[in-house]
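Can you keep this structure in mind? I'll have questions shortly.
Should a chain be cited, it is by its letter among A, B, C and D, assigned in written order, with residues numbered from 1 in that chain.
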Amino acid sequence: MKQDRLNVIVWNEFEHERENPAIRAIYPEGLHATIADGLRRTPLLGRGAVPLEVGIATLDQPEHGLTQERLDACDVLLWWGHKAHGKVSDAVVERVQRRVLEGMGLIVLHSGHFSKIFRRLMGTNCSLKWREAHEKERLWVIEPSHPIAAGLGEYFELPHEEMYGERFDIPAPDELVFTSWFEGGEVFRSGCCWQRGHGRVFYFRPGHEAYPTYFDANVQRVLANAVQWAAPRVTIADVCPNTAPLEVLSEKSGRFATAGVLQTRSDLE
Amino acid sequence: MKQDRLNVIVWNEFEHERENPAIRAIYPEGLHATIADGLRRTPLLGRGAVPLEVGIATLDQPEHGLTQERLDACDVLLWWGHKAHGKVSDAVVERVQRRVLEGMGLIVLHSGHFSKIFRRLMGTNCSLKWREAHEKERLWVIEPSHPIAAGLGEYFELPHEEMYGERFDIPAPDELVFTSWFEGGEVFRSGCCWQRGHGRVFYFRPGHEAYPTYFDANVQRVLANAVQWAAPRVTIADVCPNTAPLEVLSEKSGRFATAGVLQTRSDLE
Amino acid sequence: MKQDRLNVIVWNEFEHERENPAIRAIYPEGLHATIADGLRRTPLLGRGAVPLEVGIATLDQPEHGLTQERLDACDVLLWWGHKAHGKVSDAVVERVQRRVLEGMGLIVLHSGHFSKIFRRLMGTNCSLKWREAHEKERLWVIEPSHPIAAGLGEYFELPHEEMYGERFDIPAPDELVFTSWFEGGEVFRSGCCWQRGHGRVFYFRPGHEAYPTYFDANVQRVLANAVQWAAPRVTIADVCPNTAPLEVLSEKSGRFATAGVLQTRSDLE
Amino acid sequence: MKQDRLNVIVWNEFEHERENPAIRAIYPEGLHATIADGLRRTPLLGRGAVPLEVGIATLDQPEHGLTQERLDACDVLLWWGHKAHGKVSDAVVERVQRRVLEGMGLIVLHSGHFSKIFRRLMGTNCSLKWREAHEKERLWVIEPSHPIAAGLGEYFELPHEEMYGERFDIPAPDELVFTSWFEGGEVFRSGCCWQRGHGRVFYFRPGHEAYPTYFDANVQRVLANAVQWAAPRVTIADVCPNTAPLEVLSEKSGRFATAGVLQTRSDLE
């Protein structure tokens, strides 16, 4: 991060909007455009909030728009994907993972629960129950003092959303910020925080392509808050160093040594 | 699990012992043989402890000894690898991961911190500091009431071990059972528990091939306890079901539906 | 714990049932009698399950039925209280807390969220939203492989219950087993696990006195499972020992010592 | 919090310094004066860091210097106590606890592990092993990207400190920032974070009165960072509201109601 700006990329697979007129009618320039626009317009809130520089990237760009250079300069990446998870190159996924572990923030949206990058960072299947029935979702704030909940009431509602229900196959979140109530009878951990390496990961449930969810002011507030929360505090490259002792070792240290044994780690990779 | 036995497999890459006489002198039949023998001999301890049926598997066997059939019957898998992580087939790693997420227990030993299966389940690099200097390790019991600590004192010592030091690049463990003190001045979270899917994962730090660590009675007690702790409570295959509502949805449900939108999830994979 | 039995006490303030005919009609012998009966009848389930010896204790007994001797022999205590929290003596609360920290299990039921013992172990207010409107509660199993969920389906329902809604002012649970959906639109973390000292604490939401909740087979299964889960693994009395070094300290140790400084801790209490 | 300043109070029992010349020689104006001075001098670091307004409070002041009015204006309270925990009035402890649960930050220092306020917020004994032998402590940074570790190296050392060793009887911390290595052979979780209510609590181990620990630049950096981390994000007073349903309840709601039953909660306190 530069002192004065957070560099944000909104990534979208951008297929539904091109293929389906009903979805294009809602998001004519793509989900990413609406998400990015929401981030740009949402007023800064809270101690230490920093203005954003928001760019976009899509699946069809070279390297999906996520070159090493762009990622190196990125503070927080948002990820929307659904039907094209399999088209995302493993090399790009690995690159994103490395950046998260170094410190970059990652916000995974809705159907991104099945994206390669999210499953890889979680280590689990990330499965869930689902239903498309235009039903009401009410998101309850479980941790009102969490930075991601800043400026929200005790709950907020989305009149029509796809349903996601438990059990959601994720590692227990470090922090659970939202839990959703669905009209059809299910509940869902819909705002989940994890630390992975030096990076922060936030999963946010709403955002089905068939509804104007990303125009909702509360959803925009959550995403703006999440970007500030996920911004890197440090950037540290991965190392696995052979290190000298900090204390004098006793003479017994020599006893066990055998030529050939001491270097076994060196051929590790 | 059958009612009356836990089916355990000790997996070892089994290369050091064949290539290096100094290591073969310690573990003539392989590290796996000593680990398996320790599991067989350690008396059952605690409420609900079940006798073990212990088998072994090695890298050089067909499918590394981990066929689907064997894994399906396995309750707890122990994993020792070091220099040959790259030789383990991705297909077998994926198979093991799937079984863990279904409920199988996994115990990752020492240099297994860099194994494909551990990194995949953690989602992080799993890097650390290290040093081979035959130094003393003292493992402190942080949670004396954890089942994995049953029968141990407040700490136990290993006179010579490889050093692993923080920062250990793992997701914060669900439960931290042991923390090591090293003669050379480092500390390490040396006994860590995670739940992943329906399976339990335990990482245990000691066990460098150049030392007779797996002959140590306390180490054997830890592994025997960990097997009991990691044994499956259920086995549940992964699903991501489309489910009907449990409550009557209001009439508004119909309003937003558009042909072609409702089925978008079906082409997910 | 004796080898072969868990010693369980069901504690009840036992006031509603005596004062209110409508409630007495549901629980003629008191809520505790029904809870205890359910524990006695529910079949053992799962590896290591141990038969129970179930007793009861009530507010009006000498020392509320919780003498030091009885508590010392108790493995798991269940606690139902509502309108008489203030009548529970601080000395008994302190005694119960000490036993939990030593290893005894504690299961806090429904309106026990405001009991002195629960608030003391949590350190928070334990407040929540509530409403008595005879509405439907559906408890979703968030962790199907948790021992407390053994034998349950993906969810179970209670046709009429008091509503408790978030935010529930508790420390984030170590494990979240159930989350409730309410007909009126709220959600609640209704099955929460914590470790405190060497003891395990489980909070279970349902159980309003005006409904026959403790006759429900799923509720009885949860309580039976929770007793097995909460049973002590060890019993360790509290100490804060002054201990000798395990390693030889360098000569510098002497440099800083000043008479009178070294003993400051001894007058701590 | 005002927009532009954090209001900080350093509380000290202030007895050792008055009674013991050796300690007075190190901290002539009291530990609190040195701690407050360190906070005032340490440069702001990191996104969103806010200048501090630092005051002090001591045991011998009326209401221990912690009137309701002062606490209401306080963003972060630091607490140093050792030999006089028993002299702190329960009313003041309760007042501090209420403010933490509303959102005020609390930083508990060294022997404050046995303070009433810390034990009350933790719910455990907070016992540990200890030894005064002027030995070396090395604090390892377990989470380098945690805001409290900003500006530190991989570890830092204190040449002479009292030893605290595991097991430390606390609820498992939400975040473990530091773990200490001691010359005499012990380890300790020496920087621990918890959320309680809407407030953040940080325990920091070093700071025995017989050593000049609070003059150490790394210690000062940790405390300055911790104040920023612990500053309130919101302030929310405790309520336990009876709330109306958000959804239309089915007709069955009326079936179970009985006069006298519906009001039982009102006499709760």
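Convention: contacts are C-beta pairs under 8 Å (C-beta built on N, C-alpha and C of every residue); 3 or more make two chains touch, one makes a residue touch a chain.
As the structure is a computational prediction, the values presented were derived from the model and not from experiment.
Taking the CA centroid of chain D as reference, the farthest chain centroid is that of B. In terms of residue-numbered contacts, A-C and B-D present the same interface, as over half of their contact pairs agree; the other options in C-D, A-B or B-D do not.
Between the Cα centres of chain C and chain D there is a gap of 27 Å. Between chain B and chain D the centroid-to-centroid distance comes to 36 Å (mean Cα coordinates, whole Å).
Averaged C-alpha coordinates put the centre of chain B at 31 Å from the centre of chain C. Shared interface positions of chain D, i.e. residues touching 2 or more other chains, are given as 138, 143-144, 165, 172, 174, 183, 185-186, 195, 246-247.
The touching residues of chain A, counted against chain C in their complex, run 138, 140-144, 154, 165-167, 172, 175-176, 179-182, 185-187, 189. Every residue of chain B that touches chain C in the complex is listed here, in rising order: 1, 46-50, 103, 138, 143-147, 150, 174, 183, 195, 198-199, 231-234, 236, 246-247. By the touch criterion given at the top, residues 16, 20, 22-23, 82-83, 85-86, 97, 101, 111, 114, 120-125, 127-136, 159-160, 163, 165, 169, 171-172, 174, 183-186, 194-197, 209-211, 238-247, 249-250, 252-262, 264-265, 267-269 of chain C touch chain D in their complex.
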